[in-house]
Structures are given as C-alpha cells and as structure tokens.
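In order of appearance the chains are A, B, C, D, E and F, and numbering begins at 1 in each one.
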Amino acid sequence: MDIGLLVFLPVLGAIASLLSRQKRPGPDHVSTHALVALIAPAICLLLLLSYLPRIQSGEALVYSLNWVPEIGLGLAFRLDGLSWLFATLITGIGCLIILYARYYFAGKDTAGRFFILIQLFMTAMLGIVLSENLLFMLVFWELTSLVSFLLIGFTWSSRDARRGARMSLVITGGGGLALLGGILLLGQIVGSYQISDVLAATDTIVSDDRYPLTLSLILLGAFTKSAQAPFHLWLPHAMAAPTPVSAYLHSATMVKAGLFLMARLHPAMGDTELWFSLITITGMVTLMVGAFVAMFMHDIKGLLAYSTISHLGLITLLIGMGSEMAMAAALFHLTTHALFKAPLFMMAGIVDQATGSRDMRNINGLWKAMPALMLITAIPAAAMAGLPLMSGYLSKKMLFSESLLVTAPHWANTLIPAWVTIAGLFSVAYSVRIFHNVFFNGQPVDLPHWPPRKKPAGMLIPLFILAFASLLVGLAPQATYDGLIHLAVMATSMTHLPLYDFSALADAQVPAMMSMIAMVGGIVFYLARGPLFAIHRQLPEVDAKNIFEQIMQQSIRFAQSLVYRLENGSLQRYLAFILVAAIAPALWMLSGYSGWQGPSELTEVNPMVAFGALILCLSALGVALFHHQRLPALLLLSVTGLFVTLAFAQFSAPDLALTQLSVEVMAVVIMMLALSFLPQTSPRESGFGRIFRDLSLAGLAGIGVALFAYAVLTRPAETISGYFLANSVPGGGGTNVVNVILVDFRGFDTLGEITVLGIAAVAVFAFTRDLHLKERVASAGSAKGFAEPHPVILQMVSRMALPIALLVSAYIFLRGHNMPGGGFIAGLVTAVALTLQYMAGGLVWAQERMLTHFRPLIGAGLLIATITGLGSWFVGYPFLTSAFSHMDWPLIGEFELATALLFDLGVYTTVVGATLLILANLGKLMTVAGPGQEVG
Amino acid sequence: MNHLMIMPIVIPLLTGAFLLVMYRYNIGRQRSLSIGSTLLLVVLAVWAVLQAGVTDYTLYYLGNWQPPFGIVLVLDRLSAIMLLLTALLSLFCVLYASRGSDREGSHFHALLQFQLMGINGAFLTGDLFNLFVFFEVLLIASYALLLHGGGRARSRAGLHYVIINLAGSALFLLALGILYGLAGTLNMADLAHSIANAPETDLPLLKAASLLLMVVFGIKAALLPLLFWLPRAYSAASAPVAALFAIMTKVGFYAMVRVFLMVFGLDEGAPANDTVLAWLWPTALITLALGGIGVLGAASLRTLTAYMVIVSVGILLATLSRNDEQLLAASLFYLLHSTCMTAVFFLLADLIGRYRDDGYDRFSVISPLSHRWVLGSVFLIASVSIASLPPFSGFVSKAWILQASSRLPDYLWLWAAILISGLLIIAALSRAGSGWFWRPEEHSTARTRAIEKTQQLDHARMATVCVMIAISFALALFAQPVMDYLDAATKLIYQPSGYVDTVLGDYVSQGEEVTE
Amino acid sequence: MNRREFWLPRPLFSLFLALLWLLMVNSFSVAHTLLGLALGMFIPFITRAFWPEQAKVHYLLPLLKYFMVLMVDIVLSNLVVAKRILFYPNQLTPSFFTYPLELDDDFAITILASTISLTPGTVTAHYDTEARTLLIHSLHVTDEEALIRQIKDRYERPLQEIFR
Amino acid sequence: MELLVAITLGVLTSTGVYLMLRARTFSVVLGLTLLSHGVNLFLFSMGRLTTASPAVIGLVEKYTDPLPQALVLTAIVISFSMTAFVVVLALKAAVELRSDHVDGEDPNEDRQ
Amino acid sequence: MNSPDIPLVLELIITFFLVAGAIVALIGSIGLARLKDVYMRLHGPTKASTLGVGCILIASLLYFSFLKSGLSVQEALITLFLFVTAPVSAHMMAKAALHRKLPCSPRTRQGPPDQ
Amino acid sequence: MIETVIPFVIGIFCIAILLNLYRLAIGPDIVDRILALDTLMINSIALIVLADIQMSLGILFEAALLIALMGFVGTVAMTKYLLRGDVIE
C-alpha cells in the first residue's frame, strides 16, 4: 500500500498547497507556499530511499487492488529497479524544481497555482512509473497530458502559451488514445494488464497477428509523449511555459514517460525486427532533426528544447537497438540527461528573469555580471557537449560503441555510427554555443535589463546540486551505474546481464575516435557559425505552431463546410433523406422478392368501393395538383377526409367513421384559422429537378405502401382478435368491441392518447401566449367594415344548436360502450358545438359564457381517467381493471354501470378541454384581447 | 402484482394533470410539486433497479388482461436502469430549471412531467403499439418543451423537429401495420414468437417492416442520415430541456435493442435481426465520424454538445450492431456516461452564457466572462470526463467497449472511429476552453469586475452541474457493480426465450387455442 | 331571476330536449324518460349563458301548423325549382330584392329567413338589422311585389302570431 | 378489390409524400394530413377488409377484426393532435420568421 | 340484404322515397353544375339536396322501423337538423358571395344593392 | 324490390357527387367550391344511409348525423373566413 501512498502523497500535497494558497493569497507568501509544496515530494523521496535496499536485492514490490475487474483495470503498483530509478528522478528533481520555483515565482501571484499543478503533475508521473496495471498506468498517462496542458498554458495571457498548450494536448492526448488502443490489444493478447503477466508472455505477444498493430499503437503513444519526430513539434512550443515547468516536464520527466514505457515493455515486445526498425529509425531521425535545429535556435529555451528532442531521439535509438548494453546506455544517458538538462533550463530561466530576454543574439558576456551562474552552468553544458570526464561523455561513448555493434540489418552497419557521430558533432556545437554565446561572445545588445537584475543566491542551489550530481556521475560512472542504473536495466531486459564495464569503455578505441571527431567537428562548426547562420536564414522559416494552427483551422473549416453542406437547414432535404433511408434498404432487400401475391383469393370489386376509391384518388391528386391555391386545396382535402370516413363506414368501422369525421372538421377549422394569417397561395418555387426528385420519391413510397398492402390483404389473417370478440361482453361488459378495447383491453393506449391531445393543447396555449400578430391583424382587416362580424341568423341558429348538440353528445357518450360512439366522439361533438358559438358570437362573447377554463378541464379529464384506473387497486386489481354490473331497479329497468364509463368521461373532458383550448388560442390571435392575454 | 411498477408512469401523469387543474399555482408551488414528483421517481427507479436485480422479469398486466391481449409492462434490468437514468437526469434538469428558466414560458413543469411519463412508459411497455403511443407522448411533450421560452431559433428548429418526427410517426404506423397484418399481434413477446414461426415467404416482409422501424428509431436516436434535425433543435432548446433531451436519443437506442435484438431474436438460427444490423453498422460508423467532424466545426458550445450527442449515438449504435452480449453491456455503460455528460454540457453552456457579457456560448465572439475560475475549473473537469479521459466513467466505458469489440471482426473500424472522435473532442474542447477561460485581456477589465459584483454566481445551478459530474466520477469508481448489473441485463436480452415465456405464460404452450 | 328561472330556465325547451332524447335512443322506457328529463333540465341549465333571452313561443299549435305548411311548400317549391333547373336553365331571370320586415324579434326573423331560403327559389342573402330588411335572391322573378306579398301573407303574418 | 385498395393507399401515400416535400408549411401540413389518411387506412386494412360485419356483439353473425380499428382510432386522435399542433406552430414560425417557407426564410435559389 | 318478408306496400313506399330522393338530389347537383352564377347555383343544392336526402332518410326510417319492429325515428332527427342548417349555410354562402362582389349572370334583372 | 333499386339510387348519388366534385374543381370562385363541398357532404349523408340500408345494419345513423352537423360547421367556418378573413374573432 505504501507504494500507492507514494503516488497519492503529492495529491495531498496539492490540496495542502491549495489550502495554503487560499489562506494566504497574494504574492508575499511564496516561500510559505514553496515550503508546503516541498513536504510531500520530500517525503516521497525519503520513502523511495528507504526502499532502496529491497530494490537492490532484486525484488519487485507489487501491490494490487481490484478496481474494475471486468475490464482488467486494477489499482496496482509496482516498484522495481526501473520504476525506482524513474520515481527517484521525478521526486528528486521535483524537489529541486520547487526550490527553484520559490525564487522564480517570488513576487508573483501565480506561484500558488504552480505549486498545486506541479504536485499534481508529480502524481501523474509517479503513477506512470509505478503502475503495475497498464490500464491504470494509462490513467496517469492522460493526466500528465492534461496537467502539462495547464502548465504550458500557465501564462495564459500569451497567445503562444495558449496555442502551445493546445498543441501539446492534442498531440500527446491523441497519442494517449493510440496508446489506449495498443494497451487494450496487448491486454487482449496476454489476457491481463498486469505488467508481471505481460512480461511473462513475450512469446504469446510476439507471435500474435495483432503484434504489429499493438506495437505501432503503443509506440505512437510513446513517441508523441517523448517528442519523437514528427510529433516533436509540440515540444519547442511548450517552452511558452514558465521555466521551472520546462525544466521539469520537458527535460526531466514527462518526455521521459515515453522512453520509460518503451523500456518497460522491451522485455515483452522488443527483440523483433519491427521493434528495431520502428524505434531505431524514429530515434535516428529525431536525433538528427533535434540536433540540427538546435544549432540554429537563438532562443535559449528553444535551443534547449531542440537539444532535448535530440537527446530523446538518442535514447530512443538506443532502446531500439534492444541489446542489454544498449539498454544500459539508454538508461544511463537518460539519467545523465536529466541531470544536465534541468540545470541548463534553470540557467535559462535565471538569465531570462535577469535580463528580460532569452535571445542569444542579444545576450552576451554575462560572465561578468553572473560569474557564479557561469561557473555552475559550465558543468552541465560540458556534460551536454560530451566533454571528457563529464557524464555526457560517457553516455555518448556508450552510444557510439553500441552503434558499432549493430549489425542486424545490413544498412545499419555503417549508417548508424556515421549518423550518431554527425549528431554528436551538432550537439557539441550547440552546447558550446549555449555556453559561449551567453556568457561570453562580447557585449550584450539592447537587453531590457542591463545590468542584469540581481537574483537571490538561493536560486542557484538547485542548479548547483544538479550540476554536482551530474559531475559526480561523470566522475564515478561505475558506482552510479552499479548502484542505481543496473537495477533498472535488469528490469528492462530478459536476461540477467553482467554489470556494464566502464573501464572497458574507456579502452574502446573507435568510440573514442568518434567522440573526438564529434568534438572537433562541433567546435569547428561553432566557429564557422556566422556563414552557416546566414545560409540557415535563407531557408524557409517553418513555424510548427503556425502549421499546427493552420492544420487545425483548415480541419475546422473543412468540418464546418462539410457540416454546413450536409446540415444545411433545409427541411426538404432532411425529409428526402428520411424517405430515401426508408425506401432504399427495403427496396434493396425486396428486390428479388416474389411473394407479393398471397394465397387468399381476390374478392370482387364492389362498385361503391370503386367509386369511393376513385374519389379518394381524385381528391388526393387534386390536393397535390392545386396545393398552390391553398383554400381550394383545403376543400379538396376535406373531400378526401370525408371519403376516408365513408371507407371506414363501408368496411364495418362505424366508430372510426365517427371519429374521423369529427376530427376532420376540427382539423379543417384549425387550418382555416391558421390560413387567415398565411399567404393564400404558395409560390411555384421548385425547379424541374426538385419536382422530379420528389415525384420519384413519392412514387416509390406509394408503390411500396401499395405492395405491402396488397401482400397482406392477399394473405389469410391470423390474429389475436378472437379473444376480444369472445371476452368483450363477459369480461369488458360492452358489446361494442372496439370501444371495449379502447377503454378496457387497451385503455392504457387511450390514456396515452388523450395525454397527447392534452399536451398538444397546452403546448399551443404556451407558445401562442406571446405571439404578436398585430400587424397581420391590421393587414387582414381589409374585410372589416362591410361584413358584420356576427350574422344574427347564424347566431340564432347556433345558440339553438348548442343544447341539441350537447344532447347528441350525451347520447353518443352513453351508448359508446355498446354501440358506436364513446367519450372521444362525444367530446368532439361538444367541442364542435362550442366552436360554433365562437364563430357565431365571437371569442369574447363565447369566452364569457364558458363555465370553466380549459386547462383545468384537460387536467381534470386526465385525472378522472387516471384515478379511475387507480381505483382498481382498492379491490386488489392492477391499474385500469374495469368493473361493471348490470342493475335492475324497479320501475327504471335494467341498466349497466361500468367504471369504463367513468374512464370515458375522463376522455370526454380532456377532448373538450383540449380542442377548445387550441381553438380559443388560435382565435385569440385575432381579437382585440390580443397577445399576452390568456385564453383558456 | 406490484403496483409500484406503474408508478413511474402514473406519478408524472398525475402531477402534470394536477398542475393543469391548478393552473393558477404560482411558480413556487409548481416547482415544489414537480421536484417532489421527480424525487419520488428517483426513489421508484431505485426500487425498480433493486427489484429487477432480484427478479429477472417483473410483469404488470394492465387492466388485468393476460398478454398478448392486454398491454403488459415489463420491468427487467435494462428498463430499470433506463428508468433510473431518466429519473436522475430529470431531477437535475428540474432543479436547474427551477432557478428561473421555467419561467420563460407557460407550464414548464406540467410539460416536463408529461415528458417523463412518455419516456418511462416507453421504457416499461411490452407492447409495440403502446410503445408508439408513448413515443408520441414523449414527442409532443418534447415539442412543447423545445419551444419553451419562444424565440425565432426555437420556432425554426421546432418546426423541423416536429415535421420530421411526424414523418417518423407515419413510418412507425406503417411498420406496425405490416407487423400486425402478418403476425396478427403487437405484444413484443408474442410478436417474437410469431416472427420465429413465420412462414418463409413472410419473413422478407417482416424484415422490411423492421427496416422501417430502423428508420423510425433512427430518427429518434439520430442516426445518419436522419440526424440533421438534432444539432439545431438541441442547441435551440433551453438548457434544462436540452439536458433532458440527452435521454431522448437513448430512447431510440433502447427501442432498437428491444425490437431488433429481442423481438427479432427468438429464432435460434438467427439471433437478432441481421438485416437491420447489417445496415446499422456502416451508418452508425459514419454517424460517429460525422459527429466527430461536427464537434470540430461547431461554433458554439451548445452545437458542440449536440454533436457530442451524435458521437455518442454513433458509438451506441455501432456497438449495438455488432450483436454481441458483452459489447452491448459495455455500450450500456457508455450510455449511462454519455447521457449524463452531454446533459452536463448543455447545462454548462447555459451557465457560461449567463456569465458572459453577450449571454451566448459562441466560440468566435470574445466577451467578458465573470466567475471564470469556478466556471473554468468545472469546464475542465467536465471536459476530461466527456473526452473519456481518466479517471471518469468515460474512460472506463470506452476501455470496456474497445475491449469487448476487439474479439469481433472488423473491430478496427470501430476502434479508429472511437479513438479519432475522442481526439477531435479533445481538440475542440481545448480550443473552446483555452479561448474562453484564458483570455485575460477581456477578463481583467473593470467591466468584468463590475459584472462579477452584480452577478452572483448561481450556486444552485453550479451545484447541479457538479453533482452530475460527480455521478460520472462515481460511475467510474464503482464501475464493477454497475457492470455486473449490466452484464446481467444484457444476458437477459440475449435470452429472449426467457422473456417470451415469462410474458406469455401458458399462452404459448397452449398454442393458438386461447384465441378462440 | 327567480329560483325556477335559475334552475329551469326553459321548461318548454327542456321538454323538447327530453322528447328528442327519447327519439334518439329509440326507446321509451322509464329509465330513458327519466334520463331524458334530467338531461333536458341539465343542458339548458349549463348553456343558459349562451341563450339569455326568455322563451317567446307562446303558441305551440300555430307553430306546428306553420311547420306543416312549410313542409308542403318545400316539396312543391322543389318541384318548381327542379323543373326550371332541368328544362329552362337558360331562361331564368334571377333577381335580388329587398324585403321589408315587420317582425322585430331576431329569433322570429331567423325562422322567416330560413323559411324563405327553404322555399321557392329564394335565398336570404342578408339581414340588415338597421334598415330591418332582408335581401333576397330569387332564382326566377317575374313579379317582385307578388313575391313579397306572398311571403308576407304565408309566413311573416303567422310568425307574428306565434311570437307576439 | 385488394388491388383497388392497395392502389388507393399508394396514391394517398404518394400525394402525401409529395406535398410533404414542398417548401411551404401549409403544403407540408396538407401532405401530412394526406399521409396520415393513407397510413391510417393502411393500418386499418391490415385487419383485412370486410363489409357489413361491425364488431358489435349480437348485431351481425361474423365480426371484423376490431383491434386495428382501435389502433387506428388512437392513431387518428394522435395525428389530429399533431396536426393541430403543427398548424399552430407553422403559423407561429411564419409570423416570427416572416416567411412561411419551411426553413423560415425565402431562399433565393432552390437549394437542392 | 335480408329483408324478404317486407310488406309490398311498405316496400313500394320505401322504393318511392328512395327513387324520389335520388332524383331530387341529382337535380340539385345538376343545378350546381349547370347554373350560370353563384347566386343561382346556391338554390339547387340548398333546397333540392336537402329534400332529396330527406327522402332517403325517410325511406331509411321506414325500413329500419320495420326491420327492428318498432318506430325508428332517428332519421327524422337528421332531416330536421338538415332543414334547420341548410338555410343558414345558404345564407352564409350568399353573404360571402355578396361580400366578394361576385358577378351576377347577365340575365339578372336586378343585382345586389351596391353592385 | 328495394335490393334492386338501391344500387341505382346509389349510382345516382355517385353521379351527383361527381357533379359536385366537378364544381369543386372548376370553381370559379371559392364560394362555388364551398357550396360544392357543402352539397357533397349532404349527398354523402344519403350515401351512408343507403349503405346502411343495403347492409341492413342500422348503425350508421350517428355517422349521418355527424356529417350533417360537421358539414354545417365546416361551411360556416369557411364562409366566416371569407367574410372576415378569420373564423373566430
């Protein structure tokens, strides 16, 4: 568990920092904040040191806890040589960075934020290196991307910072997704995500079909994180971050995560041709690109950034070679690089703060103003250049000697040694440059602060410690290696290799020669930098950030144009899409179908049916033909509706006929109401192509419907309806089976249906409430003056019709259970009769005479129906169970009482309320009462 | 018979109806009723989840009629979990809306309750026509809610949304007609039984009907090319409504699972409707791709979120179409995550818009923003979650989906689509976030400070959003029990015979005699 | 308004409705009679706001007689119109004319206007409430005055009797 | 007769679909109404068509299939609700967007 | 159709009403189709069709009264209703025509007052 | 006798309806069309009653009644619309 503690301690530290920041805001408490921030990393470091003995005994401490076993995700930690080395680097350098930041952020408001984020970042890094479960590792992997996004964008006022942050997030985040894929595949192959299991399954992995894909995806993740070409572009732009961030993330830790991963998985996945070629080539390219570009950078941090890329490429190259010795060299160089690159970045930060510039063309001759800095910097700079006695010398020499050992592919034979030598030459050149150009090289030019501001001496302490460590490694390589790195190398290779022998390295001739060439060449190169820079200036300047932004912008523009082209806001097109989607697959499937004609015999054509069909077709075609003339089209539509009614009547569906008829009239009235605000004609605006397209779609749809209808009608019916016919009277208490289905067997449908009607009405009420039609009313008012608003004769007849219509609706309501009729139709009849009052007497007149508002009527109807349904609970039956009894009272005779009638009353009430609410609110739009006035 | 089962439908209905009767209630009373009802729904949904965990299928015979003659409600783990998701989501939406957006129009709470009735009904019903009815209930309520608050954008988007769905309803009825005409029943279990025993010549017609249903559900679920209504509609709707709409696409998905996997899945030789699934697979992938592209090209956070909804639909349907038990379980987990998080983003877009000087959530316009620290942090965390980065539920769900799919053929397409769309989301959200919260030149103005003073941060709204994000986190933290539940849920889906036997009881064994 | 007028605003009409109910249900059982009476009372009660005027029909028999005359006239006039439409559609001389009213009750005027529309080739096109005239269109007019006189004698006078 | 019915249903559907694809809200409403006529009749005819046999127990000897009738009734009511709603919405949109084009704006050219 | 034992007299009466009604209604519709102006066309349907349908309804009344062995007067109700509403419809349509200032046929002796 | 007569009667009404439809199609004015529709409605009442007789059902009375009622209301709505430009005010 305490390994897990290592990971989560910095989170606690971050919380502590947050609290201390809130308790003591402002720039005056930086040292307090730093102190608070230092606690957790320091404890971590001590804990790690306390583990050293157990690690040195070759033990791998594994702790695991199930989290989501379903997907193999566990809270599992592993501390072995490799993770110990990385964890120690992370916490150790982390402490120094915090120390450095205490000065760097002195007097700045943002210090608190930095301390929080840096500890979160530490957690993420520790998580990566200490995870035993690969999926769990991925959690931290993504966390590093995220926190580094926040850290790079730390000074968000700068556009560069924002862009750099986004770029790094997209590239490393994208890599993370690839890595997710790769790890999942790996887990599938192995059957587990535990590193122990993965490492034990080398043969399974390498022989699996999915190995190439798995490896590629994992390497994509590793390369993006470790800034390997061509994904290196984000790293220089991450330099917009404050220098402590750069020093920590972009030299010592985050960029090493990819290397860590490759090293970690090397025993399981390495040792293949693919591994070698992918990693080696990438490493070589990165090595060279980084080194080359670094030479020409004028920005100190830029130079360091590219040099970091170059060194990352170098380590990658070594990992790719895959031999134990190469691994040893890789990890050795990884360590030395961390030790010399971090102080160099710190130096850059000090110079930047002191002089206000990072441009080496302006910064010159600092040695006089900052001699101590110069002295301390000399060590890491020398290490970077690979001067003898320095740690960098050794690691480079290890590289050279390993490069000579590569023989496997014939091309690598001589290419790699030559290649690394040239890269070494470049690295010498830029190392010399950074030192010479900053501290010597004449007088400063146009620096914002000159003489440089005084920086506190404490700021040099972390530099000193690191430089000293770097020196120590260079002086005692064997001890360093044996004590620390060998353990790590053992974890990365399949066999127990002998200790690396540095004395043998010292004797090696050819690597020494190569070192010499690099050194001399590099210095020559530096001396000749003037003309070289001139040539370089001729080269087209490539700004990765711009490229990235351009790619982003172009993708966005592409996305927008594509989306705009598809989602162009044209309903006609969307509907056409829907039709195509409905027609095409069915057409495709049924293209060869021959079973349209079913086994049943065709029935004779009844002339009346033929006539009805004719009128239906004619009127429908008429509507389509005359739809530009809206009112005539509406009249024709009424004819269609009427004949649909007649069809229902003809084919034994009286209930349907009644319903269709009532609905039709209400619908037409509503459409007429709407039409009075709309243009009376539709313009002819469809082109020939459009009409052709629509006709084809319409034709296909019609043919489809006709075919299906024909297919079904010519087949015998086998349905569940016998049950309804048999149980309607004994079980439902009504002879009109359709009505019994509606209020009983499927009363639940009806409940839903009236709810729909009620909601529709309330919705109409809601969205016409603030509808302003005043201008329309004015323009439509041309008719006024002549025609009287409420013809007396109409009024008289309508008033008389109302009670009679109510009587009729009572009749239809009461008989519904046994004969065609029912609550819905009765409700519509009532509504129509009341609508007539509105038309005859006007909205205001009729509204005054209504006994109730309509919304509560709808609500009451729904409540009646629902509560009737709930009533059955009290006798122990489910919702909507009906009860009925035939009673025989003296004098009155037999009659039936059914709860279904009560349910139907709910239906009736809802229908009346909803229909009138819609009408009244439509009518309202025209009245003086006008908008804003609630009607119903 | 346990009457609690009908309550998820009846309670919102009663509440909505009561709110209409008491149409003069002031907004405060409306809110308390609505919140009370929704809380009750949460409790009921928890009960449902527990109940379904104990009993595979809980049945409720409406009107005490034996299925297939009467309508039956079926509670299984899948419907239970959908109920819970709906209840939780709606609770947050109601709470959020109760901070003021419910005042923008009339009868918000009544309409919302009806909407819940429709959604819950659709999840519970075991009858295909009843499903149609509940679809209509939830649609008409959604039309009303979409238009809530008025305005030109809503009118336009609403008109398209309504007309398209009306076309969908017509198709639904056509399909129902064909199914009834050939199978003679509409109860899902009975239909499954009939389809499994259908004559050879009828099978293509039945499948064609199911293709129509694919279009119908595809419109609801926003499947390409039926999805174009969605971005405008969702981005035009008021925030809590849009957040609630996050569940609406899932209703389409749910219906597909029920119909194409269960109703068409009884035939031993062909488990699930291969015809539909074959069409679904490529279209879902393209949907996913288009969603990703739309995310990248979106000009405002609402639109971006709308496209994230499409991405989630693409993932859900693509996984559904692979017809695999484990993958379906994974996709259900993703459904929980994506619904929750897209809802969060709709609310967040609104919240941010409230504190922006121009009141909008457009990316291109730079406008002073107050409370940027809090908003920025929440936005960051929410983005991490929705981009499926760890440690939130999205990461777990995607990992599960990718894992489960890797056993199946053609999985690389799905992988590529999911991973690339994830990247696009990261890119788009980082652009949005850095553009909004990292623009000090606009933030530090005196104007911003002035706004900040007058505009108190709405802690209730903020808390709503935060709790929803916390749910996403909790979902990841306690993923295993949830996954166990979902595994069990999908197991039932892939054993339709159990469903059919339970629902139909002895009707099947006695054969068709009962009908006489 | 006394209590009777409140609860039973239109007793005659209530009876009429009860009768109508029995006709409609086609059953003359006690139950339906009671139900019809109940509805006959209830419906006028709830719709009284729409029909605030008091009942004016005082003479039922003349009203019935009036309707009988009307029935016959309708049949006869239809024959006349049918002949004209079928055989001399091109020799018709249609015309508008104004008919001066003597009636002053709107309900009675409505009955008169309807009667005119139902009988020989005439349609009431407009009721001018101020000038108290009806504008009538006739399908075939040879003598306007005779037509006006005919309407007056045959319909308006009896109506004046009924609605005094 | 089956063929006749099928053709009629096809014509109703075709005209409905064609109008639904027009550019003005009113035409679309007409189209939706025609389409719902077609669809309702289709659903109705799925119970097979019989004359003189309404499903009223005791009235006739053989009964038609009552279930599709009940379903169609529900469908009619729902489509009525929807029509009423969409008509008012179309009106609202036309007023607010100052055009009764389905997209709320009069396009200069026909967008294909 | 199962009415074999219907008395001949009744059958004759019913047949008469059926045929008469059909002819009258047809004449009304012919008038609608043939007459020259809208005002004239108003006359045909409002009277003839109403009467024609009235006849059919009476036939139906008689038929079902016999068939159900009891007076079936529902149809009378429809007839009554038609006779009440038809004039109002005609009135409203005439008003609309006047309002729209629709032209009279040239044979009209006297047009509407303001034309 | 009735059986033999009824198809003819129905035929006559069909012709009448066709004539109505003809007027509905040609207009010329909207009032003509409304009139035609009104007449068509009334004629269809006869059609429905005749069908009822033909089938000896006696259950289509309500349908006929409703056509009468609804036809009237529809006509009023349309003429009111023509008169005032709106239906309810």
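Here, a residue touches a chain if its C-beta (ideal position, glycine included) is under 8 Å from a C-beta of that chain, and two chains touch if they have at least 3 such contacts.
The shown structure was predicted, so the numbers you read here are calculated from the model rather than taken from an experiment.
Colleague: State which chains count as neighbours of subunit A and simultaneously of subunit D.
Modeller: The shared contacts of subunit A and subunit D, listed by label, come to B, F.
Colleague: Can you tell me the least number of steps between subunit A and subunit E, where a step is a move to a chain it touches?
Modeller: The distance in steps between these two chains is 1.
Colleague: By C-alpha centroids, what is the most central chain here?
Modeller: Chain closest to the assembly's C-alpha mean: B.
Colleague: Determine which of the two chain pairs, E-F or A-B, is joined by the larger number of C-beta pairs in contact.
Modeller: A-B
Colleague: Averaging each chain's C-alpha atoms to get its centre, pick out the one most distant from subunit C.
Modeller: A
Colleague: Counting only Cα atoms for the centres, state how far subunit D is from subunit F in Å.
Modeller: 21
Colleague: Roughly how many whole angstrom separate the Cα centroids of subunit B and subunit D?
Modeller: Centres of subunit B and subunit D (C-alpha means) sit 28 Å apart.
Colleague: Let me have the rounded angstrom distance from the C-alpha centre of subunit B over to the C-alpha centre of subunit C, please.
Modeller: Result: the chain centres lie 61 Å from each other.
Colleague: Could you put a whole-Å number on the gap between the CA centroids of subunit C and subunit F?
Modeller: Each chain reduced to its C-alpha mean, subunit C and subunit F end up 23 Å apart.
Colleague: Find every residue in subunit D that makes contact with two or more other chains and list them.
Modeller: 20, 25, 28, 40, 42, 45-47, 51-52, 54, 56, 59, 67, 71, 74, 78, 81-82, 85, 89-90, 92, 96, 102-103
Colleague: If I count partner chains per residue in subunit A, which residues reach a count of at least 2?
Modeller: 569, 571, 573, 575, 579, 650, 654, 675, 705, 708, 712-713, 717, 719-721, 724, 745-746, 749, 752-753, 756, 759-760, 763, 767, 783, 787, 791, 793-794, 797, 800, 804, 808, 819-820, 922
Colleague: Indicate the residues of subunit C shared as contacts by at least two other chains.
Modeller: Only 20, 24, 113-114, 124 qualify.
Colleague: Between which chains does touch occur?
Modeller: In this structure, the chains touch in these pairs: A-B, A-C, A-D, A-E, A-F, B-D, C-E, D-F, E-F.
Colleague: Touching residues of subunit A toward subunit C in the complex: what are they?
Modeller: Residues 788, 791-793, 795-797, 799-800, 802-804, 806-808, 810-811, 815, 837, 841, 846, 848-849, 851, 891-893, 895 of subunit A touch subunit C in their complex.
Colleague: Taking the complex as given, what residues does subunit E use to touch subunit C?
Modeller: Subunit E residues touching subunit C: 24, 27, 30-31, 34-37, 39-40, 42-44, 46-48, 50-51, 68, 70-74, 76-77, 83-84, 86-88, 90-91, 94-95, 97-98, 104-105, 107-113.
Colleague: Going by the contact rule at the top, pick out the subunit A residues touching subunit F in the complex.
Modeller: The touching residues are 607-608, 611, 615, 618-619, 622, 631-632, 635-636, 638-639, 642-643, 645-646, 649-650, 654, 657-658, 661-662, 664-665, 668-669, 672-673, 675-676, 780-784, 787, 789, 794, 805, 808, 812, 819-821, 825, 829, 832-833, 835-836, 838-840, 842-843, 919-920, 922-923, 926-927.
Colleague: Spell out the part of subunit A that touches subunit B in their complex, as residue ranges.
Modeller: Within the complex, subunit A contacts subunit B at residues 66-73, 135, 138-140, 142-143, 146, 149-150, 153, 156-157, 161-162, 165-166, 169-170, 173-174, 176-178, 180-181, 184-185, 187-188, 213, 552, 555-563, 566-567, 569, 571, 573-575, 577-582, 585-586, 589-590, 593, 595, 705, 708, 711-713, 715, 717-724, 726-727, 731, 744-749, 751-753, 755-756, 758-760, 762-763, 765-767, 769-770, 853, 855-856, 858-860, 862-863, 866, 869-870, 872-873, 877-882.
Colleague: So in the complex, the part of subunit E that touches subunit A is made up of which residues?
Modeller: Of all residues in subunit E, those touching subunit A are 81, 84-85, 88, 91-92, 95, 99.
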